[in-house]
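Going by the order they are written in, the chains are A, B and C; count residues from 1 in each one.
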Amino acid sequence: MNELMGVISTLLRAFVTTLELTFLSAILSLVVGILAAAMRVSPVPPLRWAVSVYVRLVRNTPLTIVFFITVFGLPQVGVNFSFFSFALLALTLYTATFVAETVRAGIQAIPIGQIEAARSIGLTFTQVLAYVVLPQAVRSVVPPLASTFIALFKNSSIASAFGVAEAISVMTNMVNVHSTIVLSIMGATAAIYVALALLFGRAFTWLERKALIAR
Amino acid sequence: MTGADRHLFDAPGPKAIRRMIIGSIIAGVLAVVALAYALVQLTDKGQLAAAKWLPFVTNLDLIKFLLLGLGNTIGAAIVSLGLALVLGIALGVGRLSEAKVVHTPCAAVVELVRGLPVLLNMLFLFLAFPLAFHIDLPAFWTVVLALTLYNGAVIAEIVRAGVLTLPKGQREAAMAMGLSWRQTMALVLLPQAIRIMLPSLISQLVVLIKDSALGFIVGYQELAAQAQSAALLLNNPLQTYMIVGVVYILLNSLLSEASNYIGERQKRTLSKVYASARVAAVDER
Amino acid sequence: MPDSVISMDKVNKWFGALHALRDINFRVSAGEVVVVAGPSGSGKSTMCRTINRLETIDSGTIRVNGETLPAEGRELAKLRSEVAMVFQQFNLFSHLSILDNVTLGPIKVLRQSGAEACKEALGFLDRVGIGDQAHKFPAQLSGGQQQRAAIARALAMRPKAILFDEPTSALDPEMVNEVLEVMTQLAKEGMTMLVVTHEMGFARRVAHRVIFMDAGQIVEEAPPEAFFTNPKTDRARDFLSKILM
């Protein structure tokens, strides 16, 4: 029992790394994704093309391969980061494509009549954006973004194979050391993952309701 | 043109057109500069050397080695899809069941599995299975079962959504004919739901192909694993992973296109079949 | 002609190969109510939308209050605020309450204070008969109520003219009259109105002038009595026989 308690406290510390990786990549992919979405709907054709190529390529590549290219490919051209930063880069590059598509869809789902009505009362471009487009887009974008970020949370486990000591990596080490309580270790890890995933789900539902009320 | 212009932006006037052209030129120049910089860097570090790229054209053994990986990737993905479909229908229908003893455990399994990383499922089979049953699970089955479990849960939700989006009249008509719940589900609702699901199932195959790349962690010789070995042997990770990436992209783009095509075609035929039902539903509201 | 609120001179527009507007010339004077009629696809809606530059034109001149319609920017926004528009699909902002729908323009464009805009908005909503609906959201209102709210939103901009783009075409039949009554009232109060509609009864009772369009051209322009009792062209006769049956 003591053995298991020790393992769990080590695991919990590893989950802190998982959460760091998740939150940092979430914030970065939100920034990159929104920027990409803005480029994707901009009236400047090369920007639109660049983003659509990026999204098409990366979305069809396994995250594992994105990791391989960043962690093993980039050092070949002289880019050397820590494993954690590489993982951050890979997860951000991958997740940002989903954010970009979601935000773009959220903007384009707004009926054109809403925007024409806003123009017809004399709102300028920035005002149309601020008072009509964005408030409506935010509402339709929160639920799909929630799934994207929960997927990111789970995807961060792939970093375990690329030198980051997050939850799954620490779990695998523990399993090798404490060979008598393998099932308990894995069960505990699974339980923490599910609990956190449910917690995030709840948090996003709350956020969604908040976005709905704040209309 | 894309929705971009008409949606967010007014039809451009002369100033806006000038700005668009200047923006396009700047973006184009930046792209060329970035590309040139990348090429210079690659050349500088010897990454464009023929020796690093040529094996993928000339070395037949290497090509065969990677194709074997591709075959294993597709094999695992297809077998997983088949099994996940069976599991997903069972869980999805179970979750729709009116009996609480059936409904609750199915819902619990679906929610639980969807909260777990696929990698954890895979490692569980890889590490815990031998301990529990004193035999190693073959790598193929480690990958397939892990993917099946996760995607089964996802498909269960697709099935449930598929059944729930069917017009209410379908269920009512079946019940009115005197069919039981089970008969209604098996003979009327499920067949229609599965037809509607076809595009989603093909997209799910893309997810499976991408997730199967985790197989390298448990020693399954799929495409990513073969790439890893090849990259070590040839000492050209950048080139190998990029080429393998392109293979994945081609395969998955093809599947995505197919899924879109079928989806579009279905939307047309289905709108005919259900048109009257939709109208009725709108009137009721 | 300093007197015309809206004027079009030799306006042409193409949608690809389709010549949507052919040499359109017409004027709307202050206080005038002009009804634009014609079969669907005749270009009447397109013409209406060009005045607010929701559609661009390929040649010709559009003037509002004697000023050429600007191509973009703040000047365009300002001119748009002076010519309000009421849409077929109402297009109330779905994330705002009815009151906020009406006050958005006055606060953000006319720079009125919130309290002032609110007070005036309630007045306008009362005028169109839905003062009691001010705090609801558009989706909670019937089509007729939504369109009346859209008219209140237009009025709140204190426009020099209001464009109506088929304001009753998306309404259930029993709601058409409540909207037409509001429009009739506005006309009586001297509002300058350009109305694209199929409601020939309204045209007959309220319009000062009827413009009949077909295939992108203005085919006939006459006072309503003359137009309805004695159309000069075959195309207008044909159209009227179909629509008045």
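Criterion: contacts are C-beta pairs under 8 Å (C-beta built on N, C-alpha and C of every residue); 3 or more make two chains touch, one makes a residue touch a chain.
Note that this is a predicted model, so its numbers are computed, not measured.
Steps from chain A to chain C, minimised over paths through touching chains, total 1. Across the two interfaces under comparison, A-B and B-C, the one joined by more C-beta contacts turns out to be A-B. One simple way to say how far apart two chains are is to compare their mean CA positions; for chain B and chain C this gives 49 Å. In whole angstrom, the spacing between the mean C-alpha positions of chain A and chain B is 17. Contacts with at least two other chains are made by residues 10, 12, 16 of chain B. Looking at chain A, residues 119 sit in touch with two or more other chains. Residues of chain C found to touch two or more other chains are 73.
Chain B contributes residues 2-10, 12, 16, 20, 23-24, 27-28, 31, 41-42, 45, 47, 111-112, 114-120, 123-124, 127-128, 131-132, 206, 209-214, 216-217, 224, 227-228, 231, 237-238, 241-242, 244-245, 248-249, 252-253, 256 to its touches with chain A in the complex.
Every residue of chain A that touches chain C in the complex is listed here, in rising order: 111, 113-114, 116-124, 127, 131-132, 135-136, 139, 215. Residues 52, 54, 73-74, 77-82, 84-85, 87, 89, 91-96, 104-105, 108-109, 137, 150, 153-154, 157 of chain C touch chain A in their complex. By the touch criterion stated above, chain C contacts chain B in their complex at residues 53, 55-56, 70-73, 76.
Residue ranges of chain B in contact with chain C, taken from their complex: 10-16.
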